[in-house]
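Lettered A, B, C and D in written order, each chain numbered from 1.
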Amino acid sequence: MAVDLAPSPALADLARRTATFIREVVIPVEERHRGVVRSEDVRRHLQQAAKQAGIFAPHVAREYGGLGLDMLGRAAVFEEAGYSLLGPLALNIAAPDEGNMHLLEAVATGEQKERYLRPLAAGEVRSCFAMTEPAPGAGSDPGALTTCATRVDGGWRIDGRKWFITGADGAGFAICMARTSGQQGEAGGATMFLVDAGNPGMKTVRHIDTLDESLYGGHVELAFDNCVVGEDAVLGQVDQGFRHAQVRLGPARMTHCMRWLGIARRAQDIAVARAAERRLFGSRLGELGMVQQMIADNEIDIAASRGLILRACWELDRKESASQSTAIAKTFCAEAIWRVVDRAVQICGALGISGDVLLSRYLREVRPFRIYDGPSETHRWAIARRVMRRHDAGAAQ
Amino acid sequence: MAVDLAPSPALADLARRTATFIREVVIPVEERHRGVVRSEDVRRHLQQAAKQAGIFAPHVAREYGGLGLDMLGRAAVFEEAGYSLLGPLALNIAAPDEGNMHLLEAVATGEQKERYLRPLAAGEVRSCFAMTEPAPGAGSDPGALTTCATRVDGGWRIDGRKWFITGADGAGFAICMARTSGQQGEAGGATMFLVDAGNPGMKTVRHIDTLDESLYGGHVELAFDNCVVGEDAVLGQVDQGFRHAQVRLGPARMTHCMRWLGIARRAQDIAVARAAERRLFGSRLGELGMVQQMIADNEIDIAASRGLILRACWELDRKESASQSTAIAKTFCAEAIWRVVDRAVQICGALGISGDVLLSRYLREVRPFRIYDGPSETHRWAIARRVMRRHDAGAAQ
Amino acid sequence: MAVDLAPSPALADLARRTATFIREVVIPVEERHRGVVRSEDVRRHLQQAAKQAGIFAPHVAREYGGLGLDMLGRAAVFEEAGYSLLGPLALNIAAPDEGNMHLLEAVATGEQKERYLRPLAAGEVRSCFAMTEPAPGAGSDPGALTTCATRVDGGWRIDGRKWFITGADGAGFAICMARTSGQQGEAGGATMFLVDAGNPGMKTVRHIDTLDESLYGGHVELAFDNCVVGEDAVLGQVDQGFRHAQVRLGPARMTHCMRWLGIARRAQDIAVARAAERRLFGSRLGELGMVQQMIADNEIDIAASRGLILRACWELDRKESASQSTAIAKTFCAEAIWRVVDRAVQICGALGISGDVLLSRYLREVRPFRIYDGPSETHRWAIARRVMRRHDAGAAQ
Amino acid sequence: MAVDLAPSPALADLARRTATFIREVVIPVEERHRGVVRSEDVRRHLQQAAKQAGIFAPHVAREYGGLGLDMLGRAAVFEEAGYSLLGPLALNIAAPDEGNMHLLEAVATGEQKERYLRPLAAGEVRSCFAMTEPAPGAGSDPGALTTCATRVDGGWRIDGRKWFITGADGAGFAICMARTSGQQGEAGGATMFLVDAGNPGMKTVRHIDTLDESLYGGHVELAFDNCVVGEDAVLGQVDQGFRHAQVRLGPARMTHCMRWLGIARRAQDIAVARAAERRLFGSRLGELGMVQQMIADNEIDIAASRGLILRACWELDRKESASQSTAIAKTFCAEAIWRVVDRAVQICGALGISGDVLLSRYLREVRPFRIYDGPSETHRWAIARRVMRRHDAGAAQ
């Protein structure tokens, strides 16, 4: 077993520089804005600083201006970037842009890459991924997809409704998943379309007010209403949308885990600092057994999350089907990160629920991760189903 | 055992009328305001409606305008009122006023009752209870009390800093706990003082931004700075402040539990309605095993909370020392209610974290209850200590 | 609400005498036998002592030699008896005899009562309840019942296989549930039959080796093979077996909870005694935070269990359908009692897993309770289904 | 990052051969003996078979007859061996021999290696590690060590009491930790001594009856009473016993995790097989949501355990101080493995608690692992203390 868990010197250096950048440049901005930025000026300022620090868009191929990190490399760097809510935005590795770049690299034509990937990787535009639909449409169950695309002269016409489309406000383009064959309730076929902002058939219905607020560009409800696009708007192949989306899905799950693991570590550090300083009943808080238990459980949850991410990323880098390992990692991490932040709040007591530290902001930000990218229940169902199939296959031999 | 868990006809009727009032009058206001009201007009409107419905201030003695409910009676009614975030405000049984009325009834002089209790019970003024201090002052450890009161000619001068003083903004008076003997770190003696709004020595330092936002009048940091009050400002006896506070503490813990249990039931009802309506993978959500598990666990948590509240209230009504049973009930309820709301969010998925239902608001409101009124850890420590003492006493015989 | 949770003087006295009897008479026998008795001499000795103490068969009607306790009365006394593994045997309130007496009182004819109930209540014979079948027969799903009874001249012939029949070894008679109409997989109708030991058609296949070992008479697999009984063997009405079994089911769930709650208290007392005596890192074990947390959580679990039992028993005593409250109580108690014993083991460390205390015996005894009398999963499914139906009924109005 | 989680071809082959050996040779013996073997014939038979399979003592250096696996290699092979309770005995990698070999390789003199390590590695003798003492002696707190060794003419005299000495019955020698300087309650210095079976000063007091029963040679209480040994009995250096024990401690924790992880996988496989075969309410058990949740949680717990073991072993192989990572892995694995087996029991229902499958045997075997090798509470305390120190060191800069 040729396991060397130590990062290469270059990767270690990049991670270290990222950590320094977050501490020195990003956290002051995060604290000033209480974690939530809605200003293009701030975004541009942070991204400019990240470019100068040589850590911008590290996951993108070098030919499109990035550093070409594989998934294991991302694990090391994204966790450092995620140590601040604004770190991913600064490095241009925030959801959904980061996943969209990954998808475009894998699936787009050369022309599409020039037109969409290059400016996205440079931070010149932002993007969104329009898949989820309000009930009874596609959520955990893609077979329920209701948005349709029908052929029209020279292209396609898309009609349907999407919601919880993160980052849609201000995005330069959307990647929209639409049914191109079959009826709702059947598997059928779906296709991904690149839709430019400004297309009169794509409209913002509303900003959805959500518990979390830090993802740049908000969570938006979009209406596709007689939205006409050209043939060149098709991303990948017709009717292969769900297969192509898999390319995005597994890695995007993991990069969420990496980033939120950074926040878990941040929460733990805030709690530990408090436990070191605050005295209660004659001891430091951090010397009281129940507080020690919470601190230790946080360490355990963080370490276990990291181990599961490692495994899944290694499989993804080998181009294996990593659906089981990413489902396991996503389910565990989403719940573990939530526990860590919740314990950190508890350790800090009244301070923890006040705005004087950012913990309650973090609590709000990580809660939805147990729901998006597949709710824990859907992942558990899928995990168990794979186990049963593995058993059935073995028993059938 | 003369146990009859059925409420008396009169109590059952009051609880039913309260439930109807909440559903018909309060919830529409709650939904319009997304659970958070900061307007005196709305407060007055709701309280006027509750008076007309004959359910106002049900915990106050009849001679002060209430319905004279004992703790068991409150358990039945407050849970119904708590079914909406604004229900307690409407019935004038919200924290901290409700606990202050209870305290004033038990400890105040006749004159103080006329001056403070009567208008408070009528909803004409509001009040606050100024005990908690920023670190390193009194939080979970009352021996750490730093605010001092020293005798001056004709009265007392109070100096110190208080924070997380709920409802302080706009309160007509504060009940302030101050050290009147001993040094910080010693038990010493403390005294409660009635301080009128407008006393130039009592100043609002700031509103503390907190995860929860629905408690009327906010969470405030107060400065007592050369704050002079007369002899008649002493509530109860000098140096007996902590003993008197016990009168408030146990019942106030329980009424918090009752009210938040109402929100837990509300969250469950929202989730069940969603589970009944939403279909996934060909079934109703509520027919899927993992969702059924969450629904059942919510029922169990709600029932267990109610059972523990019942026990503690029965002890309180008998004027027993209910410190163990209230600590047990508070610890369990605060965590169980949190679990219920968290599961309800999970059942509702994306909807649950959106503002389209109030669940994420409820999640924010109930989280601090695991911290205020004694963090779970402090209660567990106290519970265990009592068990050990009971053992030691038995072993010593 | 006429709640008086204090037991009547007579009941308090009975509970106190039971506690004394357990401590002075039963525990020495339990310790000598490490909790597991398989000797008729010991059983008779213990039961004789309980008779002399005036606490024998307290749940049986006075006309059959008992004390006529209702369910709330049983809750107080059975918990005390359950403080030792052998207490229920001593008082003749152990499973399955206790539930069978309850069933016979409610359903049997006068003649059947004289022949079966009277000697059972006196401890002269024991009995068993033969319902559960090996897969794919009746377990959690009564519709799967495979054992059949067919009419023969002058009576019935029973054929089938039963397992996990507690107490069957040495029992004087069995109450056997058999299908009398419909096919397997249909609801159909079932009937209960009284089958005397010695009937050549009822044979012990084997003793099932199980994790728990303390239930007297073991867990047995029985074969009914051309087992002919007379008309007078029908208990209750033909085809009404499942309806009659409900009479037994709810109360039997609760009496299991009561008895095992006694063991939970015992485990906690052993752990607390250890925590008071053992020193670690310069403190008593019981002064270390993580141990305090376990002690407190045990208190909470015990108190919550008791509250849920109270509610369910009150409903049962009112002859209400208590299926929801007994399911809630059973599910919570089975898991809470398990947690309590598990924590007690952990507090005691190496001692806890040794035979030097009985904790690991208790751990083994309480684990199956999460499975028998309906696994937690089946109860949760039923609880959720009732909630959904309640919702549907409300929504339909 | 040069991470290649795929085992080398040679290691993969060894792991595969081990798995086959366990399935074909060991499991039939395990089932015949219900997991508990106390016969030298059976031990020799199994070890002979493992030698023939070329998988014997894989962790021992080649010069002493092993395969020279490092910790990462052990992780792969020991998990396969642990798939049966008797696998580790067969491969001669069971506790405590495996850890003792590791210790002797690192610390013993050449002469001691010939005399003790060589026959131990060959399975010709067994050994024990005599460190733990009954209260108030050394358990979680080594400073409490009471067993003393004092210099006598030509050697040392050891006096004291040890308990829970695994494998002591029939062991050829013991490694005994005794205080050689300082008083009880002080750190002082301790030394490890090699004591041959047959030394008249080392006596078996008793076999301790324990919840677990599968570790060969039992858990024994030993008395050292005027036990005289020569100078050459000193293992490592005088007064350096605890430092030397660290050499054993970290790896021994991990190999326990590896072996028990094998049992967790076995339990999961038994449960999955049952879930695939058993039908309930018209579905396979494994298609019911609550069962799927248990199956998925088992997968997650197994994967997370493996990830933490990987990290700790990598650190150990680098000769880093792996005290934090081994403490984290041990704490998580001990609890996760317990959860997995407990869920497997629950999935199997009545069958799970019967002796018809080995699940309840596994439940008994893994419970003590949350206590031995440091209780979870002690590890959490140590983990938190290291976190606090890391914080203090950072804050001091």
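What we mean here is this: a residue touches a chain if its C-beta (ideal position, glycine included) is under 8 Å from a C-beta of that chain, and two chains touch if they have at least 3 such contacts.
Small disclaimer: the values here were computed from a predicted structure and weren't measured.
Chemist: Touching both chain B and chain C: give me those chains, sorted by label.
Modeler: A, D
Chemist: Let me spell it out: compute each chain's centre from its C-alpha atoms, then which one is farthest from chain D's centre?
Modeler: Between chain D and every other chain, the largest centroid distance is to B.
Chemist: Comparing B-D against C-D, which pair counts more contacting C-beta pairs?
Modeler: Answer by contact count: C-D.
Chemist: Roughly how far is chain C from chain D, going centre to centre by Cα mean, in whole Å?
Modeler: 39
Chemist: Nearest whole angstrom, what separates the Cα centre of chain B from the Cα centre of chain D?
Modeler: Going by mean C-alpha positions, chain B sits 51 Å from chain D.
Chemist: Mark out which residues of chain B touch at least two other chains, giving numbers and ranges.
Modeler: If we look for residues of chain B contacting two or more partner chains, we find 288-293, 377, 380-381.
Chemist: Considering the complex alone, what residue numbers of chain B touch chain A?
Modeler: Residue positions touching the partner: 132, 135-136, 139-141, 163-164, 208-212, 219, 278-281, 288, 290-291, 345-346, 349-356, 360, 363-364, 367-368, 370-372, 375-377, 380-381.
Chemist: For chain C, which residues count as touching chain A in their complex?
Modeler: It is residues 288-293 of chain C that touch chain A.
Chemist: For a test of understanding, state which residues of chain C touch chain B in their complex under the given definition.
Modeler: Per the stated touch rule, the residues are 1-8, 11, 72-73, 76, 269, 272-273, 275-276, 284, 286-287, 289, 291-293, 295-297, 299-300, 303-304, 306-308, 310-311, 314, 324-325, 328-329, 331-332, 377, 379-381, 383-385, 387-388, 391-392, 395.
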